[in-house]
Amino acid sequence: MPLSDFAREAYKSVSTATLTTIMMKRGFRNVFIQKVVPTAPDHPPLVGEAFTLRYIPSREDLDPLSVFQDQSHPQRAAVEQIPPGHVLVMDCRGDSTVASAGSILVTRLMMRGAAGVVTDGGLRDSPEIAKLPFPTYFQCMSAPTNLIKHHALDINNPIGCGGVPVYPGDIIVGDGEGVVVIPAHLAEEVAVEALAQDRFEGWVTERVKEGRSILGLYPPDAATKAEYDAWVASQDSAKH
Amino acid sequence: MPLSDFAREAYKSVSTATLTTIMMKRGFRNVFIQKVVPTAPDHPPLVGEAFTLRYIPSREDLDPLSVFQDQSHPQRAAVEQIPPGHVLVMDCRGDSTVASAGSILVTRLMMRGAAGVVTDGGLRDSPEIAKLPFPTYFQCMSAPTNLIKHHALDINNPIGCGGVPVYPGDIIVGDGEGVVVIPAHLAEEVAVEALAQDRFEGWVTERVKEGRSILGLYPPDAATKAEYDAWVASQDSAKH
Amino acid sequence: MPLSDFAREAYKSVSTATLTTIMMKRGFRNVFIQKVVPTAPDHPPLVGEAFTLRYIPSREDLDPLSVFQDQSHPQRAAVEQIPPGHVLVMDCRGDSTVASAGSILVTRLMMRGAAGVVTDGGLRDSPEIAKLPFPTYFQCMSAPTNLIKHHALDINNPIGCGGVPVYPGDIIVGDGEGVVVIPAHLAEEVAVEALAQDRFEGWVTERVKEGRSILGLYPPDAATKAEYDAWVASQDSAKH
Amino acid sequence: MPLSDFAREAYKSVSTATLTTIMMKRGFRNVFIQKVVPTAPDHPPLVGEAFTLRYIPSREDLDPLSVFQDQSHPQRAAVEQIPPGHVLVMDCRGDSTVASAGSILVTRLMMRGAAGVVTDGGLRDSPEIAKLPFPTYFQCMSAPTNLIKHHALDINNPIGCGGVPVYPGDIIVGDGEGVVVIPAHLAEEVAVEALAQDRFEGWVTERVKEGRSILGLYPPDAATKAEYDAWVASQDSAKH
Amino acid sequence: MPLSDFAREAYKSVSTATLTTIMMKRGFRNVFIQKVVPTAPDHPPLVGEAFTLRYIPSREDLDPLSVFQDQSHPQRAAVEQIPPGHVLVMDCRGDSTVASAGSILVTRLMMRGAAGVVTDGGLRDSPEIAKLPFPTYFQCMSAPTNLIKHHALDINNPIGCGGVPVYPGDIIVGDGEGVVVIPAHLAEEVAVEALAQDRFEGWVTERVKEGRSILGLYPPDAATKAEYDAWVASQDSAKH
Amino acid sequence: MPLSDFAREAYKSVSTATLTTIMMKRGFRNVFIQKVVPTAPDHPPLVGEAFTLRYIPSREDLDPLSVFQDQSHPQRAAVEQIPPGHVLVMDCRGDSTVASAGSILVTRLMMRGAAGVVTDGGLRDSPEIAKLPFPTYFQCMSAPTNLIKHHALDINNPIGCGGVPVYPGDIIVGDGEGVVVIPAHLAEEVAVEALAQDRFEGWVTERVKEGRSILGLYPPDAATKAEYDAWVASQDSAKH
């Protein structure tokens, strides 16, 4: 079942911080991809289904530069096969001493309508990648070509990325802070709850900026809940 | 004895680099909080007395999300009890896989007149925190809620932060490079010496930009000292 | 044999990513200095011959602050002896808990005509250093004075920096991504090949932005090669 | 409520591996002290209530060698105050570059009737400590005196040790593999369940050694459960 | 093509050190599994074809303790399906905070005729495992059950283990120092060369113990080669 | 000035733990080589002057296996040139993914009368090395040949080893716990003081084993000092 338009839009406006809390309520404590950051702070938000690529360590006889002349090479195949709206998530075993992709492949992904790129390894040509209007996440800048350490093995099998399990089709959400993985079967309900939570936190932030104490406000006591509900009602009616 | 206004102002203009040198002269080699950086490069300088919060590893039965409904929870209590002008310094055991605070608490700290925040863990909602006109220092962006790894234990006991001992009341000074801890009893004399040293280094920098060698200049030989003293005298008399 | 003007100019326009690929073709898999980044993203490109400084761990009796009064101290000597156009490359054993240089020394290096600075340790006064129109690379900001951990031992001996061997006279090339080391005897031929490769990749990028698949394009098949050769010929003839 | 004699004996015979499984059934995923090993493989098993000592980073002016002349120094006080049957658990922030105790203090702890020692830092004189008939656990051998890095702060407050929360009175259990922390209020029921599980696993191991498949055996299907129950009944009746 | 009896026997007597040298001659620089050690120093040598098991990070909803009741669970399936003479090699992403197997499974592997076990994660019940007459290699002792961090995903796909690529059928060789991976197609020729090299090194060691210099001996100059060839001839003729 | 016979003997009987304390009294806080352990727990004690070998990262064109055919190669030269009674101390930049020496070279060092070997990298053939009656210290077992990562650069220059500065001629002392470096000019006085301290600690240990409290005993108050002095006097007179 594809992600609904409602949920896709919702994920563009909620924060990864809020999502980790919503997921913790459901018993998921490991959904934030560790040590992975946006290549630029002002990219559009990242939302899409996971399409995965797994690297294992390279071997000198199997991974010469000539392997890319094979058009079915998994890295190149991944770039040309990823469906629109999906996110290429790469498992580099957390090794960022070499790149997992460069600006040409990332540009091609953008042109093909992919939703973004997440790798727990490095990216090369990363200053150019950072300038693209396309959300990309990595561990760090890393010029060396991936064949020095990585062998692209297979596409769209479950992987680990930054310590988090990623199953093909999971919903990948990224903001200026990082990336969260939402299991596909929870994607709709988490979107709804996150949207509500972020709206509440926005209201709380305004109250705090007015000088109000967080005690009784965040988390809200009964009086605050009533106050907030009244505010929501007034806002929602104002829209009509 | 509270920090004098003179020292508080002085610390706003001196660099943490200079402070580490002044402290090394007194035999202190471990005053710079390691692996902790500003959330934004252009925040106002950080100066204030340390007010500490200690986290230990969380435990599933003691740290559900509902703990925050207790208004005496140490994290919330710390935010509401920190005196104006003080810096909230958090000991997260250097674990940044989860957050130690988020934008709502940090905004509240700013509104209450705290001088800033320093944590050797992560911060969540960090893009928002970075935009506040409020000096905040962390190890890295980290969306997950702190209860996943942290249990807030106690307030204003001595802690370690980034490998440095922090006693409540120590003077915390931060610039664009990081954070230094000055033991309270040394705060006045270190401020005086740092101000003098930074003034000298400013003069040296001008000379270097004019093309002068550092030999005999930095550190100064007798001739340079005389030259500098004359410059200082002329400057100071010019002020009157 | 000094680096030719042609090669020096060429290195200013090619990327470190391309250089790692050219070097891998020659069997060199370890040329990118690991964990070292530019102090600012928009510095001029770095090109120059390596001039090295080695630090070993400091010892309390040998490394008091007074050592800098000796004008032959290796750190100060390195700054005043580096030939114009050379890059000061420092081996800090990857220890960035203290600085390896500060803004006064770096400014002096710039004034003396050095080409830039690379250290696998920290830099202090790094916000000021980042603002200089001078390419500088480091592991991270680090305020503490280098004597706390480092003893400057000798100048212009072979070193390791960021895990890469650096021999005096090797060509050091840096861009917004990081730093690559080219053995001196390969410097001319690598420059030629890198320039050609970067020109090709620029053309490829334009094609990808037009919507073309990477299959057959990157790496190029015979048809693409012919197309590219024709483009090059037309471009080159247009210049005349 | 003190640990029952039954539970204390039970813990001496069960494995830490079994205890982690029993605890996971109750929702506790973080009970094994990480990176901490026995100083010798053949020590008696460790069982006792936690008595904690917390270290923060030392400071040159507060932690000269003369501090030990103060008989109320927390490290010395801990050694002389720990109740018989308790385990001294030390929080060294995982820093093993210096020692947290040496053979004289550990011998004194043994003589006073303590049950053992656990530290996530180093131990000095560790070859001697390893020879004592006394269970001790550490990160590694480390000769340097603790004052170089550690300041003993307080006794019997909650701490973290090897990433695990330890509250005074928690039950500390160690075998040849490492150390597990059992919250005090669960100690009796976990002991009962672990004893049963270890008995079952012993029976399983015998079956596996006879050549039986683990399928249906481990975990047991209904037939295996019946077979095991019959064996238990026969064994238990044989004792009477 | 199965490994010949000759090669299998040869690998039992050669050292992993020698094998890394033989492999480097062929251009393979990354064949030693890093950070993995024998569970006991005196186990029989390990030789066999790789049979792989891959773990990804676990997820709370997919990895409860009850998963083992499924007899097709990949971890249990691997144990029951591995062919005799093969080595179970597990990819734990280098995470040893939990176990990848325990004594019951390892005993079963031994009973089924497997050649040994290699994991870049932890093993639980490791003191018992170490006592088995069965070669086992791990990163460290680790009591926690693997489901806390690991999800067994698939069997006999290529993996990374300790930073080394392992393809099913590769020859795994272990001694008291660690484990080397030999690509299957090189297994016969490497065995021959390693046997010769180890014989030579044994002879060299005897000469060194007699007081001879290593210069001209190791590596051998022409005279030493002649001397050694004569010794070999005399030895071999003596056998007939 | 060579180390006196008295001091050489004294260092064989004192512990590295005691030496770190004696050195801290003189202001030296960094004398214990970190992350380096004995290859076997029961080797003879290590005492001797440092003879150093420095490795930098290897480069593919400069470090083929054939380099060892050059008899002046620094690694081989170091082995054949080290004076009797000296300790070969190797700076491997803490990289233990490959070996820094193997059993043939170590056996040759033993035969030539060297006092021992210390490396902050790996050793290959380490099970054989561990069996030699010769003190050797390393970070861990590591089969790969050193040329994969290391280039032996020069002999008997100052180095860092395990984070500690080592100057040629410094006194290297090792016991079952690890290795300490004593600057040459302090070697005689530290030996005297350490011998006295270890004698006192031996006496203290006996008292503790008799059940005495450490309070007033360790460190000693005036009464204990008098008691100890009387014991020393009685012991010493008994020898005459």
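All chains are identified by letter, namely A, B, C, D, E and F, in their written order; residue positions are counted from 1 within each chain.
Note that a residue touches a chain if its C-beta (ideal position, glycine included) is under 8 Å from a C-beta of that chain, and two chains touch if they have at least 3 such contacts.
This structure is a prediction, so every number in the text was calculated from the model and none was measured.
Touching chain B and chain E at once are the following chains: A, D. Each step here moves to a touching chain, and the least such steps from chain C to chain F number 1. Just one of D-E, C-F or A-E has an interface built like that of D-F, with over half of its contact pairs in common by residue number: D-E. Of all chains, D has its CA centroid at the greatest distance from the CA centroid of chain C. Comparing the contact residues of chain D and chain E by number shows a mostly separate set, under half of all numbers used being common to the two copies. Here the CA centre of chain B is 32 Å from the CA centre of chain C. Each chain gets a centre from the mean of its Cα atoms; for chain B and chain F, those two points are 40 Å apart. If you average the Cα atoms of chain C and of chain D, the two centres end up 50 Å apart.
Multi-chain contact residues, meaning those touching two or more other chains, occur in chain E at positions 29.
Chain pairs that touch one another, listed by label: A-B, A-C, A-E, B-C, B-D, C-F, D-E, D-F, E-F. Chain F contributes residues 15-17, 19-21, 24-25, 29, 31-32, 34, 37, 41, 175-178, 180, 201, 204-205, 208-209, 211, 213-216, 218-219 to its touches with chain D in the complex.
Across the complex, chain E is touched by residues 65, 68-69, 71, 76, 79-80, 97, 99, 102-105, 107-108, 111, 124-127, 140-145, 147-148 of chain F. Contact residues on chain C toward chain F in their complex (touch as defined above): 27-30, 56-62, 93-94, 151, 153-154, 157-160, 163-165, 183.
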